[in-house]
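Report on the structure given below.
Residue numbering begins at 1 within each chain, and the chains themselves are lettered A, B, C and D in the order written.
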């Protein structure tokens, strides 16, 4: 047992930490300003483009992708880097081309795509020339139960025809999101987990309607493509647009989840570290009732409790990554579920405390706390509410 | 000891309940639509005006005001009515002219205003012809410690001259908010709690600059006047604009707090009841994994825990109101602090669970949950963070 | 709505408070000493006998009993008196003849007993000449589900014959507990809630075996009759020993529960107040790191949180008592379940914090804290675990 | 980074697991029976002696001791073995000669003892021929603040004379505890952390009075020597009995703490695993309301939450052990404090839930749950209450 990162990881951590401090954090205000200046625009903003160029030059690009197209890191190696990107959730992942849902989509294409699919979609995505969205969640069915999906993908000659309504398609408000990966049922009569397939739908296909943007708390997440409700009204694409085999949609979605949870959880831990760092600055410089906030017992307790939570949960995520690397996603199921449940809620709590330290400023746009809170809160519902996973985890425990 | 409401209160509860169900709840979507239609406008929207007319006609107007100008209810009588307005936080309080901060401002004018001040400001406020804001919190000092206020109110001949920066001036983005009640120091050398005074500043006075709106979890609360940052740059008003005596600002602010907390807490409880009602509807009609959400153990526990919290805390608020009515605010200090701490956090938790039941819809504008969450969360910081009150309460306990 | 106690209650509170301070609290050490001196004895100790005589003389006797045989108080009037007895759980209830399970047993006899049953059992119980136990819980079935009871009560001519195994028969280790009220099935084929009956079994009946005392944490509760496991092996009693009608056992047990929960909860609140009082003494006199414990932020928070919990929950219990008095137990079901769940766990938490303030002394026999903790912890399992009630409460909420 | 145990550790885990299942768990009832049979005896019982012999033969002896006298394991290697001993807290640590406080005392003697001290005390301790106690905590001062210790160790010619009162001297009720290691002040005028020294006091020295046994939640822990209050009344020992140098007591106590916390925390995790294992058995075999407890949502949640807590905290303890092994106790201070705070309270919570699953049986001697609960609860006070460590941890966080 050894708790030290290997050399390559340590080197990347150092370089990314520097890039974060020198380039990304200072760019946050610039991005906010650029969004305010063009409030009705959903495109990627110039500052993000500029940072992407720098990241590419410094070899901090596509770090998430394990295979040859990417940096070739294991989950365990990438995890601490994902954590660092969480320090600046609205800039860093985009600057490094490591943001959801593009990461998961690129993984899907890299694993299951045909050569032509890779050429057409993976290459421009790896190069950040286009963006993508993952259209899975539907308004009328619980997202925790993928087998309930109502969207239909019907074969019609050499084509597939897609009909359905999706929402929470993250990134899809950005007109650059030219690729929509749509999950739907190709065969409602097949066994429960063999009914679903995934298909590649160009954003400009006939019958695709971007209905509206959704907000999370009051945020529209305009700086990274928002979250769209989309209607697919008899959208016709060639049969070659099917991603993987027919009936493999559920299994592919599951495969996509594992690394995604590592990324989400590590970024969430990065948010928590950022919050703690902000609290340190605030509490040591601001006074109430004649002494620094840092001297108040309750504030000390909060940072101590936060530190303990972060240290324990980070280890659990790292171990999960290690399990995925060594014995595979299936064997790591208990741990993958555990981090999905435990990390976002702990981070939500840490952010809640941090807001309390900042007072009303913590609720406003003057700190990143409230927006990070919204992000952490949303994670507790991503891929189904925590409680579904908690129940499954409990059930598994009785089968030990 | 008797836990039944008196006859007049029971009658008002019934009538308000009906008005809520028939007029107010259905108006929520109309208001949202009117705000979307004129996104850059901060004025009171037409639907609110229409509801105000109806409320006036039905005698559901100015219910909050104990004295003759209002409905003449005690705190204990008004409390359950305030709870009902909490069911529709963005419509009901405004429709009934019972919204903060106008309520507290009207109370101040009714208690401490001169006849001329009442004529000029209280009458149009009671008639909802104008709105008002309370300018107390400052960006550079902790709002929990009123003695730190930096804004200066200097006597200059027959005038006072005000200089300072305020923020979280709720309602002040609405151009109809013609009255700003500003707290500042008239004598920094006086004893600690005698340095502050309040002064009436017309919105259009020279030197008043509305700097920007602030957001709470991404919401700008545009439908009820938002929250403004305001600079007072040598703003000159006649000495007769002083509200109450010089040096009485701190005491007046304290007096304003008691009823305000009853209102805030009861409205928060109303939000919790609304959330529970929404959860009931959702859980009994939506299925996952083949059975209604209402059959899931965890959802039952949540509503049960919520019910217990609501029942216990409502009684505590009602007892606090009764104490204020019978022995006065000072004797009710422990209870006033207790509800300030206990109610908003419980309601935040109840709303958090409700969001979890609704899934991603709960985070979006498709339910009022996320916006109510932001409101409850903000209450934990209003008049200083809970922790300041918790510490004071603990200290008092050792002096018993 | 009125939160003041009536005159008679206020007078009794004052008198009981005095009796508690002057007679009961000082007697605690005497009782502990008398138990240590005769470690193998389960009888009522002399100090308790002496206090009973004084309580009788002062009219502080049988306060719990609503009807004519007792003090004639309502549930609402008795509740604050029960709270006071909770300050000294191992002395006060016994000194006042207001201890479980004798109270519930006396209520059963008063409501459902024949004249002869009252003469034989109720009179000596009201006079504390004998003690009693309630034999309901069984080792092999969940006590939350009374319909599962396995003990049989079979008619045989003019007799009933009882067979079964009971445990947690509180008080039954005391040889003075001459009456055992046994719950069993007279007709396993009747409808689910009509199968059970209650029967009066003299302790010395043939076939009754007191198997062993049980401990709660490490306490055997020897000072008040402990908790026994009892085997009934074809125990024969005359048919006239049936209490109430055949098949009415379940309904009678339910009726017994309502007041019992008020008593349990109020006593638990009394334990919490005692703990807070001890914490105040300790924290203001003991120093660590150069200042009184009372100055530590965390200790202030604990007492503040405890104060808030106590105030809110006490009101909920009082309202429940008022509902029982005015609309009956059935209409108060939600509240009765609520206090059953909410009070013991809050008190457990308050006691846990108090122990933490006392350090290791809090775990030992040098304070009453650990023993009170065991008592509060056990309440969370009395009449079935909280979770059963929580689930029922949640279910009811969906039927509102 | 690598989360797999090395080969030697894996082998020891397997062997100890087998020994636990085959020898130790079955011996628990035997020990309880032997204690019941001789209720006034404090000696080590025969079954423990027998197990010690077997453990010695199987090489499962003195595993805790890193140096040559012991098994030579690192903290990281020993940690999972300590966890296994926690499954049977009242048998396993004693059977393996790995129980506190003897382990810490042996470490002290091994590190700081003279050759003669080792010969006289360490050898028989390593051989379990005698037992020992560590006399540090005092009734009149907070144990969290070692600098307040009042016991005096005065030089008098070739002797030291010890005066003071100690309590919570674990193991000291056992007459075999021939060695008492006493912490006291040799120089009250020295700098704050140089005033204390440790000295070896034979149990039978004149002036040593074992005053009384103390209980923890009613348990006297008779099966492993209990917890004694001891008076040292001018106890005279030769100067050669000083352990380490004068004024080094504080530093030695600190050094003793690090490994002690790893042991305590890992054993506590073992208790939690045992509890989960018992819950699994119970919940899958017992029914209420017609279905196994394991099917209840709340029970599933509990085991899931417990699993998550255990997995995360175990990793944190293991990392702490690794830090102690690689960079030393001082560099691991944050982690050592973190586990001290986080592990016992989590385990207390897990045990509390387990008790709830078992119902009243969980409170009694019929399961080990209540007794384990008392043990976990006590850990939250060992070496000072958690809150002292939490505050120190928070303070350190502000210095990062």
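Quick note on the criterion: contacts are C-beta pairs under 8 Å (C-beta built on N, C-alpha and C of every residue); 3 or more make two chains touch, one makes a residue touch a chain.
Since the model is a prediction, treat every value here as computed from it, not as a measurement.
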Sorted by label, the chains bordering both subunit C and subunit D are A, B
In terms of CA centroid distance, which chain is the most far removed from subunit A?
-> C
For subunit B and subunit C, what's the span in angstrom between their mean Cα positions?
-> 44
Centroid distance [mean C-alpha coordinates] between subunit D and subunit B, Å | 54
CA centroids of subunit A and subunit B: separation to the nearest Å works out as 37
Check: subunit D positions touching at least 2 other chains come out as 296-298, 301, 387, 390-391
Contact residues on subunit B for subunit D in the complex?
-> 296-298, 300-301
Can you list the subunit B residues touching subunit C in their complex?
-> 1-6, 76, 276, 280, 283-284, 294, 297, 299-305, 307-308, 311-313, 315-316, 318-319, 322-323, 334-335, 338, 341-342, 387, 390-391, 393-395, 397-398, 400
In their shared complex, subunit D is touched by residues of subunit C numbered 137, 139, 142-145, 148, 167-168, 214-220, 286-289, 296, 298, 352, 355-356, 359-366, 370-371, 373-374, 377-378, 380-381, 385-388, 390-391
